[in-house]
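In what comes next, subunit A is part of two complexes: it sits with subunit B in the first one and with subunit C in the second one.
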Partner chain A sequence: MSTLKGKELRIVGFLCNWCSYGGADTAGVARATQPTDLRIIRVPCSGRIDPLFILRALFNGADGVLVSGCHPNDCHYSEGNFYARRRLEVLKQFLPVLGIDDRRFEYTWVSASEGQRWKEVVTTFTERIHALGPAPVLEDAQALFRVADMTLSPLHALGTGIQAPLEELKSAIKSRLPELDCVLGWQQGHDAIHSVPLFMRSPEDVDKLVWGPLNVNNLAVYLPSLKGKKTGIVVKGCDSRSVVELLQENLIKRDDVVIFSMPCEGTLDMARVMQKLGSYKTISQTDSDDKGITVTTDTGKHRFDMSLWAQGKCYGCATPGALLADVRLGTLHPVTPAPTTPPELAMLDAMSLEERRSFWKAQMDRCLRCYACRNACPMCVCRDYCVSDSRDPHWMTQDDSANEKLFFQTIHAMHLAGRCTGCGECQRACPVGIPILALRQHIARAVGTLFDGYQAGIQPKATPPLLGFEVQEKNIHEREWK
Partner chain B sequence: MRIGVFICHCGSNIGGTVDCAQVAHDAQSLPEVVYAINLMYSCAEPGQAAIEEAIKEYQLTGVVVASCSPRMHEPTFRRTVERAGLNRYMFEMANIREHVSWIGKDKEANTNKANELVAMAVEKLRRNRPLHAQSFDVNKRVLVIGGGVAGIQAALDCADGNIPVVLVEREATIGGKMAKLDKTFPTVDCSACILGPKMVDVAQHPNITLHAFSEIESISGYVGNFTVTIRKKSTYVDWTKCTGCGACTEKCPNKKTPDAFNEFTGPTTAISIAFPQAIPKRAVINPDYCRQLQKGKCGVCAKICPTGAIKYEMEDEVITEEVGAIVAATGYDLMDWTVYQEYGGGRYPDVITSLQYERLLSASGPTGGHVKRPSDGREPKNVVFIQCVGSRDKSIGRPYCSGFCCMYTAKQAVLTKEHIPDAQSFVFYMDIRASGKLYDEFIRRTIEEYGTEYIRGRVSKIYPDGKGSYTVCGVDTLMGKAITVSADLVVLAVGIEGSKDASKLAEKLRISYDKYGFFMESHPKLKPVQTNTAGVFLAGVCQGTKDIPSSVSQGSAAASKVLTLFSADKLQNDPQISAVDIKRCVGCGKCVQTCPFGAIQLTEIRGQEKAQVIDTVCQGCGLCSSTCPQGAIQLAHSTDNQILAEVHALCQR
Partner chain C sequence: MSTTRYVEQNALPALLEALRTAFGQEQRILVPVLQPAVKESVVFKPWQLGMAFTLKKATVPPKEAVLPPCETLVQYKRTKNPENPAELTLEVTEETHCQPTIVFGCRPCDARGFSILDRPYLQGPFADPYYQRRRESLTVITQTCNSTGNTCFCHWTGSGPTHPEGSDVLMTAVENGYWLEAVSPRGEKLLAALSLADGAPHADAAQKVRENVNATLEPAPDLSKTQARLAARFTDADFWRDQTARCLSCGGCTYFCPTCYCFNITDEGDGYGENPGRRLRTWDSCMASHFTREASGHNSRPNTQDRMRNRISHKFSTYPETWGTFSCNGCGRCISNCPVCLDIRAIVLAATSD
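And now, the complex of A and B:
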């Protein structure tokens, strides 16, 4: 539907049936004249509003979206608006990283008796949207290519783990193997600079196990599909957070999993490594020392110091060992956590909204829609019913546009809000190297700020913040409507 | 699907600012729409008949009506399509009155907006499926909250209708504000004489369980099956033993306890019975003033009590009641009039509220019905009444009329003359609102037979004149001049607001309330005693200002709604509830964790944990749908696909 040219902008409202829709009716009954732009979608409760509806409207060209529900404590369903408040606030904080002005989205509370307040809300919001003008179109953005600065200093010394007790690990696994269906680990891949997941079912399999900075895969991704089977898993610190989060969400059972912890000294950023190696045919030799790896190929000798070539997440890592383990091997040097901003997120933080749109336009034009990001994500459990493939519900279309591809990334990021442990597998798996982890990191940072520094995958018993609420939220405050 | 679209003019309500014919014409090109027409009044009988005929003639399988708010007529039109043989849920509404024609004057913009709302409704309807209600048991007991005259009437009517009633009263006695009144307008009959017998009926009725001195702690459940916990506050007297003989109140040494029942016009004892006709007539100890409870020394009442009812160690008790419906009748309180500094802000002892004056007039009051000034006990000769203190005053944020003050002020002027024949009353008023039966006649008698002087104007200042009286400065707007009156006593007709803590109760009942603490009815005209929470009804002033006849009528009206609800052996659920697609469900239990009603449980299906909705418990909020990332649990008629279709209808690049 087209808006009235020159008169109206496209503003969508989601109103709960009991309070705000009634408040809008009350305003009508009082003949409270309002701007005509707003179109109201009636939903039973503000808790029914999946933030993705709001994103869908914005990605489809809405110039503004307004959500209104019952005042806190007044929810017809007791608690719906408390959950909504958390989700909508997270959404509001998420929008800017996409290059969307967060003033285009607002949520508020209007009761069925507050016709006058409803008029004020509609008038104020409509005026705000008119002041902002029509929403910019992602497809029209000028492509902007920019790469994050990877000169970083790590929280703990990064290394290759050559001192790690690999043989002890192997014998530990062998001793537990009879009671387990399978143990997940890593083996060498198609050449000496790649490792791939290893599914150990026999002692011979265990002998193939390798350890080192090439073990990039987060094996927790396989656990939900093995739910109900006794499974062992070798974890790095970051992988263990995924295991904890899966436990928090009842996606796996603690009794079914045996966790083997190895002290991680960092993993290589394979995208940069492969770029440096270029198109080689054979690898004749790899040499590891404490500090890094030297790779000799038919094109020459290449040195990869861990301090320079690790994955972005490793520099800010404060959990080199597993947070939860049944079998712990090796010794860990304690790491003092410090607030760090991941490199890609720091890059986006420094951009204007317009630059971010241009950045995502450029990056999403490169996206192949292969969904490797989704497949690698340990927290993605929709499987065959992923919105990327399923047209029921009709969240996405086949449209091959940057807009639609970025929308998929926002769905993934919102589905991970308060759940993402920052393992970075989405970004590592991306064959074209789009820094999509930054979107998840941005939400995780917002969740941490809003909910007392909450981090996903730390405490197996903790309730993820978007599955709970506080009657009085400490850090969420209603905005003024004057 | 074959969709029919009906655009309502609602006379000129919609037709005046929306081109309805154009909207109907444009609707014809919407997908699956086979018929579209504009009607003058679609909710009237000819309009509904036209819809029924069109359904038959064009073999419609779904209907969209664009008219008023669905909160108004959705049930009406659902019945219409049902009569024509469709499932009642194959219907959608577009609100082009409250949300379009009544709020915008630009016809082009309104017509365009109406078009879009119709397109949205069509897109939603295309994804509707026939739904069928399920039956569930109803617990035929009712909870009445508040034992004022409205709550008493509701309780008695329900009880007479053979429904067990649980009546909860916050104070130690039922009777509410009416029990504090001396006489009632316009008949000037004794309040206690007409209310007393009703109170006794409550006490004696076999179907009524009375919990006085009790408050609602929590309410859970839904229509037909509410669970209510009630806090029975400690009275320090075992009411099963207390006979209400009053021996304790005579002997209690602390005779300076503030008396809330008498509006603090005189003291009472630390152990007291509110008034002679109290129901239940039982003693209560005020722990803040009881010497035994404060200092551990006294125990006089325990010694004197012939039945040994005094229990200093008594604690609050929380009990649980199961009911199928709830009537809220929590009444009102006076607003805090001390914001009016021009009336002394509470500093002058002889400037009192109308309710305090009632107690001074009452034979059961602290002065035994002799009107005496609180300051010196002298009988007043000049009494000034000021109306609209905290009513119709935007400057203090009270824009509404409290409804009954004009009438009781006239009554109090009459009573003043009857108590003190040589007294002169002056009434400062803004307008006289006397619209009830025999009301205006009563005002005339007050003026003509009782010589009350009515002065149209506001009072600007009251101050002590130094000779024991007060000077009241005001303006007579009819004469157009300033006026001063010497007053021995000033009575303020203080405006009312919802009862203290009404908002907290509303939150427990899950009903709306306004900023003055009045509860929100379902519809101001057509559903005045219903609320938006099924099974919760309103009676009396808790819903808005009312006099006694209106409160009693509403008590009966609420009771009739309860009896109607309970006339069926089973209730039908709203089938717009959630359902789980077990193929998608991964059994994570996020929906179970967030459901506010405990309506979802995990069950094992073919060896795997899956969520399952308990149909009759689900209230259809849809929180589960937005919680489940897999889209495995969908709320019927508010599915992801339906909301997305509405979004797509509005926003398409």
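And now, the complex of A and C:
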């Protein structure tokens, strides 16, 4: 997009056909003086604007993006701009965590008769972008590495679940097995410090079932692909939120799923555990007690207390038990609710915009685009038909720049807005340890603030906030144009 | 007797600096670098003076030295004649730039990966010019392993913790330093040109270190029937369903594999205007659905199990059918990097068993 050197910046405007485009026309007919930086893209309705349009523009080097539609209650299609308002507000709140100044994006309402108002909007916005200057380029950022502080205190006692009624669970599964196609659980993996998903189809399979802090996988990821088959699933509290969210979105049927709940006492942060273990050849022994696990390898003895070695998400966990279950076993530790900020999000909160850009540049540089983050996500149900793979429309180039890779993360994060239950599988699955969960957590926090503390995957009957609207939004207010 | 040299631990940065102008050319030296995060990873990065590096086994193999995750093959520019818009000029520029590269401190499994890539890229009916340019200017300085890891199974596949295949120089950790041994003519030339101490006084110690690690290896299972057994299991849908049930179909195994070599080619941009269009070659993964999706919409490998069957069969059955050796080095990265720890060893053993 060419600009007049030194005079213009790249500003993209998405204008709805019925109101704002007409408003711009009115301003033109009235010969109102306006800046010339704005490149207008006419869309049928502000509700047509996928937040990814805006992100794509910003990642392609736009210095500012302006969205304008009909005033609320005036939408040509009755409610398009109500949906748009929620999405655009969430997007605006998302931008800073990426290191993008949220002042570079604005949305507003201008009717076809408001030529004067359009002039004010476009002049004010252009002046604002000129004051901010050209948008910084991610590729130019100096790489910054920072590691989150994992010294955290939990909301409920963390342990190894050694008292959990595993045998009772096994017999409960065996008794339901004849009516089910399979039951999802965990079994020991390639060594004693790894658990892996188990598909139980026979009583012999059920005997392989294990319970404990190594059961890190969220098995809900398999449910959509088993739709139509009667499936049992053993869940931790966090996994159950994914099941509930899938039900909320009608991606699975309640009648097809039998949920077995076990009281979760936390799971181990395998990333840190494997780092501590270092290179080992064999594990000769693992001993569990209430508080933690002791692992003996050929290189030595290592102790992992759950209070110190749990996954970041476990410290802020307020749902150790399933929110929805058909078979509920064991007793839960009491939860003391308190506001918490996940470790990596807290780290990002403390950074400046420039530091965040540098941080993401350093992190995304090593991304290989294996998409383990996407495929491990229980909510990423498009999977084989992901927009990131689409050639037409050409959402992403095949360039392996940090910019494109971070753009993919924004696709994933925006598609999870109001849907992500914070299970953290995206980050756990990342072979190169990019703390991408923080992006989802940031959006989840924004969604909570905007929509009365809404959390995804709690109420099976609740409508996810971005699938609905209120005519009068309580927490979204139009910004002044002066 | 091959050329041997000795370098002290604290002289490694000086050695890397000296390598920068090896063979009288400006070299790019890829060294393993630790990337700090809650989950640390080790990736290869171009060496710069004063940069911290590590000699840990890398999370990502140095395959990028010959096959970058993304490379420009050609650039194209289209120009319309303003006098006659029907007249179009197409200007195509082939990308021929290739910087000589030295991979420093990779492991024998990584180095052997290069020789596995060589067969399809160089020894078939056509040589890939992009690959060939990089490969012919590549020098591999491999660090032999002092111990094997829990997911390592290199000796099952004909490799080993001290195996020289694919390397030009082998370096073995001895007291306070490294013993360097040339294992190819290129390596001989490189070591002879470097002003380093003679390695002879440390030869025995180094050999001892190598013998020790080789002595720790458990006997490898008999995989002589694997190729035929896997081929016979091609239509055994239940076998593949059970073995691959937990696979999430991401590309974690393929993109972290030193021997996976599939790629995709896409054109970016129409070539009009200021910026030329580019034809890009990028890594592709047989674990992705669109890898086999045809223009008609038909997909010959619609399910995860079909894709994993292909991946394992390619490594242990069809590649050996063409080239006579497994295309797996047993580096174990597909196990350690897999979100569900899918164990290729277990699948191969299950397929091999009666």
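The rule is short, and it goes like this: the second predicted complex is superposed on the first by the 482 of 482 C-alpha atoms of A that agree within 3 Å, B and C clash if a C-alpha of one lies under 4 Å from a C-alpha of the other, contacts with A are read in each partner's own complex, and residues count from 1 in each chain.
Simple rule for what comes next: contacts are C-beta pairs under 8 Å (C-beta built on N, C-alpha and C of every residue); 3 or more make two chains touch, one makes a residue touch a chain.
These numbers come from a predicted model, not from an experiment.
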First (subunit B), second (subunit C), both or neither touched by A:L348: neither
Greater residue coverage of subunit A in the superposed arrangement, subunit B or subunit C: B
Subunit B versus subunit C as contact partner of A:L98, first or second or both or neither: neither
First (subunit B), second (subunit C), both or neither touched by A:A112: first
Partner chain in contact with A:A402 - subunit B first, subunit C second, else both or neither: neither
Which of subunit B and subunit C A:N217 touches, first, second, both or neither: second
Partner chain(s) touched by A:V29 [first = subunit B, second = subunit C, both, neither]: first
Touched partner set for A:V243, first subunit B, second subunit C, both or neither: neither
Which of subunit B and subunit C A:V183 touches, first, second, both or neither: neither
Shared subunit A surface residues [contacts with subunit B and with subunit C]: 385
Of all residues in subunit C, those that touch subunit A in their complex: 35-41, 43, 56-57, 59-60, 69-70, 147-151, 216, 242, 245-246, 248-252, 254-256, 264, 266, 268, 274, 280, 282-283, 285, 288-290, 335-337, 339-343, 345-346
Contacting residues of subunit A [partner subunit B, same complex]: 1, 4, 7-8, 10, 12, 17-19, 21-22, 24-25, 27-29, 31-36, 39-45, 47-50, 53, 56-57, 60-62, 70, 73-80, 83, 87, 111-114, 119, 137, 224, 228, 249-251, 381-382, 385, 387, 390, 392-395, 403, 415, 463, 467
Subunit A partner contacts - residues on subunit B that touch it in the complex: 69-72, 95, 97-100, 102-106, 108-110, 112-113, 115-117, 119-120, 506-507, 510, 512-515, 520, 532-533, 576, 583-584, 586-590, 593-594, 596-597, 607-608, 619-623, 625-627, 629-632, 634-635, 638-641, 643-653
In the complex, subunit A residues that touch subunit C: 2, 145-148, 150, 189-191, 194, 196-199, 217, 221-222, 269, 271-272, 274-275, 279-283, 312, 343-344, 362-363, 366, 368-372, 374-376, 383-385, 389, 391, 397-400, 425, 428-435
